[in-house]
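Two complexes are shown next, each including chain A; its partner changes from chain B in the first to chain C in the second.
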Partner chain A sequence: MFSRTHRNIAGLAVVLAVVCVLPFILRPYQLDFLIFMFINIILVVSYRFIAITGEFSLAHAVIMGVGAYASALLAALPISPWISMPLGGVAAAAIAYILSFPLFRMKGFYFLIGSFAAAEAIRLCWVQFIDPFGGFRGLRRIPVLEIDLGELLYIDLGAPVPYYFFALIVGLICLFVMYRIEHSRYGFVFHAVHHKDTLAQSVGVDVRRFRTIAFVTGGFFAGIAGAMVAHYVTAINPGLFGLKQMLFVLVWVLVGGMGHFAGPIIGVTVLSIIDESLRGLDELRPGFYGLVLIATVLFLPEGLVSLPRKVLQWSTWLWNRGGGTLVKRE
Partner chain B sequence: MTDLELILQTIMNSLIASSFTAIFAVGLVLIFGIMQIVNFAHGALYMVGAYATWYLYAEVGLPFFASIVIATFLTVVIGLLMERALFRPMRGNLFGGLIVSVGMMFVLEVLVVYLFGQGLMKNMTPYFKESWHAFGIESVTISHSRLFVFAIAAFILVAFWLFMSRTRIGWAMRACAQNPEAAALQGIGIGKISMLAMVISAAMAGMGGAVMSPLVRITPQMGHPVLVTAFIVMIVGGMGSIEGALIAAVVYSFFHTFVTTYIGGEIATILGLALMLLVLIVKPTGIMGARESV
Partner chain C sequence: MKANITRRKFMAATGGVAAGLTAFGATPSKLFADEKTVKIGFLAALTGDAAGWGLPGLYGVEIWAEQINAAGGLDMGGEKYKVEIISYDDEFDAVKATVGAKKLLFEDEVSIVLMLGITPVQAVKDFMTRNKMLTTTLVPTDISEDAPYLFAPVEVHPFYNVTAVDYIARNMPHIKTAAIATQNDELGLSSLATYRAAFEVAGIEIIEENLFGFEVTDFAPVVSKLIAANPDVITWDTAYPDYVNLLTEQAYLQGYKGQFVNCTLDQYEHIMSKTSKEFLEGFLWQFPDLDDPIMQGGGTHFDNAAAFYQTYNERYPGAWTAVSWEYAAALEMWRSAVSQAGTFDPPAVAEALRSLSPVPHAFGDAEWWGEDFFGVNSAALGKWPVVQMQNGKAVIVEMGDVRAWCDQHLDVLKKHFIELGVPLAG
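Presenting the complex of A and B:
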């Protein structure tokens, strides 16, 4: 009756309507949780954007941190947070561009470990150089965003409800831009670079250039996500962007599924909601993540996105077995 | 303390650090060589070894050496379970293996928190209480606990080297690392060899944790910095090369200890990571590696 696009648009509209009503129903701390979920969605989608060119980076959390630190330091100058936030994204993209020179000489496992080393070196610099970065304790009193039109309008975006809508709007813009890029001609080249990089090279695609483009663009959006965190929680420290955060990003993306744009979004949403319902068992959360990770890799290698198809396969298999319709071979 | 004595003390510290780094990194390299899996849970096995020793010696009250043996045995059992349930299906799948081992690392860390609690300081009175003054110089002190680490590590490394170079099973293991298919065609059971490699590797990590337990702060995350060091050693030495890992362990430990003594710990790690990046850029196969995978 309806085409697939129509159905997708209708589904999206329903989700949006629900999301817009939520802040008026939920309590502030639940809103907090949703804000971080939106920021994490930007983060994981930008991670997938890099990973579709075929290399898994372990630097993404630190690139996000670069955005947070850059925006916080610029805002302390003082520059208006409205300008420092995009500049944080630009700084993250710039660092990603610089890192891309040594990193894209490597492939596979070497890339993974190389990106980890580079990221850890940057993170330890934040710990070591107390003068601009504040050492272990990090930066504090980062200004919050505010809309100030004098008599006309004043909104303090430090409060959960306005920031919720702000995060929602920024998140939607970021997702839209990344979606459009992935479905443009550039995006098709990204996929080609991932699946058949030698073939792509042989028809004249500069593989390294496209990987760099994806890495820098993904870095920019990660930086934006970092700046959003910095101006909401108003205090950042190097511990926020460590190996643990990076591994969580990896878990979200892989559990959700790399193959589809919606995969990481589903991964973040499902795992965050389960995680939130385990709030009482705070120390045991990483263990739960570990088990989910192992189970996903062993039984559902394409992630939660492929779950409906798998269930369909299993049920038809069961049905056929139960009904005895399996054709017997002579 | 004069300059010369400080240098002597630092050299002694470096030697002990390199012996420990070497057994830790060799275990990691062994698993990578045989199974093509980067075992992120290796640091967690080290942590389990330390926890088990602390619990058995300081809480239960068993003799120190018995605690070490039981702790090592425990890590071997965990290692075997990991090999059978996780690593065997992921054989040769670099990324899948990495992911399941990260999952295992989380599980083990949470397990010790669940069993022993988060905030308690796990203090342990060292079994060896005296110190050795190197060459009779009063200000150069090395506690016997650390000499014990050196002795155990050296013993393990020599035994491992003899095993790999003198016994038929050791040869089979090297054959598996060089070319698994050809080894299988010669009648070498790859599954058995993988299990043996896992036993050796887990025992090295667990015993390392056990002998280090009086010297370090025992926390669930204690394996992370050691794992980072081992990665640096593994890359600098060349992936899958045991000789390379040994050389890199000594070089890196001397470098790290000297920089830590004279400048500072964070700078030492930053420079170490920079060194590793440099090796990756200039000679990605490492100092002893020959594999053409880049």
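Presenting the complex of A and C:
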């Protein structure tokens, strides 16, 4: 029969086929929802990329903002958004690299607080320096992406359907690269640095260097996510990359599950869908959202990614309890 | 017990449930088949920090719609339309606002979108222009030349703040010095620029200013510094409602005896319970209770203002704020434009709205204004009340002429906006 790899590839192909068909079925609002979900998936997977080295940063949303601001400012020069977007990622990586010097002198709780302070310093720069960052109001009229081949072809990527495919392709490339790195020798060292940093150090691993590599790489992808937001929404401000966004990233990662590459993706997908479907409840929505979070943390401490395994365990337990047959309600 | 469900029974039961659901689903459609509906979008913060300026407005809009529907519906071209309010919580977030705007326009097909302003409006602006989405904001500095479908039909923040200062200059000649504290954000800064201009024109010297950050939770030092300067009048500018509560309470605890002038005094009964009736006596601000006698006709344009206020307070006790009536007032003006245009089509209604002269503003006749400031005449500027606390109740003491003041002192106003780095247009 089919091997597990074959089954995985087939499953992935089905998922891809579905997501490629969706833009022709869904309405613009639903497409927008999916576009921002793809962007958030890049963000959370890049966050997990840093977290697998054992440090939880509170600067990730701001690093995302660095990518957004850098790309928007470069596009205003004007540099083509096709070039400014990757440069936004590079700028985010560069800022992450600079931050890594003071931050990786700290560990654990101190790193967490240090990263928060560094993030706030950057965010306050955006607020205080109206020129060039626009202050609280931020930047507007950020150009959208276009494919302009004159008479031959013109595609305005500001429209939902083209941007959906753009976000999907960029998202898949980012995920593929991060997946490959995590499953390379570098990735194994990242895990070693997390779980046994002293042991890793004793065999010659430069723990700080590897943490910096993860921090900078994660920062690059967060920057790309930020640039994608900037060139779609066409307006950004410091509030978009504040503590609230950072808390959402943490919640998505933790609820989805840190232990597996797919965990944060599941976290973003499930929680975003729940959040959106509860919109009709208006001010009661955060309460229901909170209940879902509490239930997940209580019953699925390893995150939603562990749900299939848990269901299997519960089914087996029920099966065994019923003496080999499933327990029936009388 | 052995399950006793045969295939036949299962099919019959399924058919029955399906038939029932079909009938259930069909009944309302049949009942409302002849009823025409116009949809109105409400895109503002219903949760989070800015919910205080979104949710009370949604309550108001829902009451307004109920009142219209109870009277048979909205009249357009001789036909009656039921009003349906569709809300989307933008959480005061640019991304959520972008998604919400698309939902409201493309999915719900609303005829107008009511927004709070600033960040969400900036994010949606290009979309609203491209798709001719008629939108209202409570913050006129959102307005710009490139947004012809964006109007500030009701609130002309922060310009109306000049009226209370002007009232002080004419009625309280002993006041010579002022002190200001507010949060350091766009709302606070634009308001600060306006207060600076108003005090300058009034000949009142500002002897202390304090722009505090969002990290401040203890307001005792902020207030101490202000009181130490011994000002004749203190203003909290356009501080967020929670800040106004805490700052006023601190001033009370620290024994301040002077005059207050402020943009808002939301839920003043609550502040009174924390301070005292005597302490708040004479407090000046800009937002009236709609049961004020001046709001019952006599040149104002808010139908059934007292009934609206009463219903609101019965249904949501203690929730009345500066914005409770404003979104509804924007709809009142939109209704006038719809009546003139004879259609709900947003571009036609926008054109009709722009052609209204005088503009039937909730506080009386106004005119579209702003070309010299934002580059386009899209803010309804006219009169705005000066409200004073008298014996524990908000009382309109004067209808100040904001337009006349702005026409006369526009240069001073612009100078202070530029000095503080606040953009004149969105």
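The working rule: the second predicted complex is superposed on the first by the 314 of 330 C-alpha atoms of A that agree within 3 Å, B and C clash if a C-alpha of one lies under 4 Å from a C-alpha of the other, contacts with A are read in each partner's own complex, and residues count from 1 in each chain.
Throughout what follows, a residue touches a chain if its C-beta (ideal position, glycine included) is under 8 Å from a C-beta of that chain, and two chains touch if they have at least 3 such contacts.
Fair warning: this is a prediction, and the values are worked out from it, not measured in the lab.
Model built by superposing both complexes on chain A: chain B and chain C clash. In the superposed model, A:286 lies in contact with both chain B and chain C. Touch criterion not met for A:152: it reaches neither chain B nor chain C. In the superposed model, A:28 makes contact with chain C only, not with chain B. Using the contact criterion defined above for the overlaid structures, shared-chain residue A:77 touches neither chain B nor chain C, since it reaches no partner.
Of the two partner chains, chain B is the only one touched by A:112; chain C is not.
Once the two complexes are laid over each other on the shared chain, residue contacts for A:138 go to chain C alone; chain B is not touched.
Of the two partner chains placed by the overlay, neither chain B nor chain C lies in contact with A:203.
Stretch 243-251 is the one among 27-35, 243-251, 333-341 or 369-377 where chain C clashes with chain B after the superposition on chain A.
Residue overlap on chain A between its contacts with chain B in one complex and with chain C in the other: 127, 283, 285-286.
Chain C makes touch with chain A in their complex at residues 1, 46-48, 51, 55, 58, 87-89, 92-95, 98-99, 102-103, 106-107, 118-119, 122-123, 125-126, 184-186, 189, 421, 423, 426.
The touching residues of chain A, when paired with chain B in their complex, are 56, 102, 105-110, 112-114, 116-118, 120-121, 124-125, 127-128, 243, 247, 250, 254, 283-294, 297-298, 301. Chain B meets chain A in the complex at residues 38, 86, 89-90, 94-96, 98-100, 102-107, 109-111, 113-114, 118, 224, 228, 231-232, 235, 239, 264, 266-267, 269-270, 273-274, 276-277, 280-281, 284, 293-294. In the complex of the two chains, the chain A residues touching chain C come out as 27-29, 32-33, 36, 127, 130-131, 135-138, 140-141, 160, 229, 232-237, 239-240, 244, 279, 282-283, 285-286, 330.
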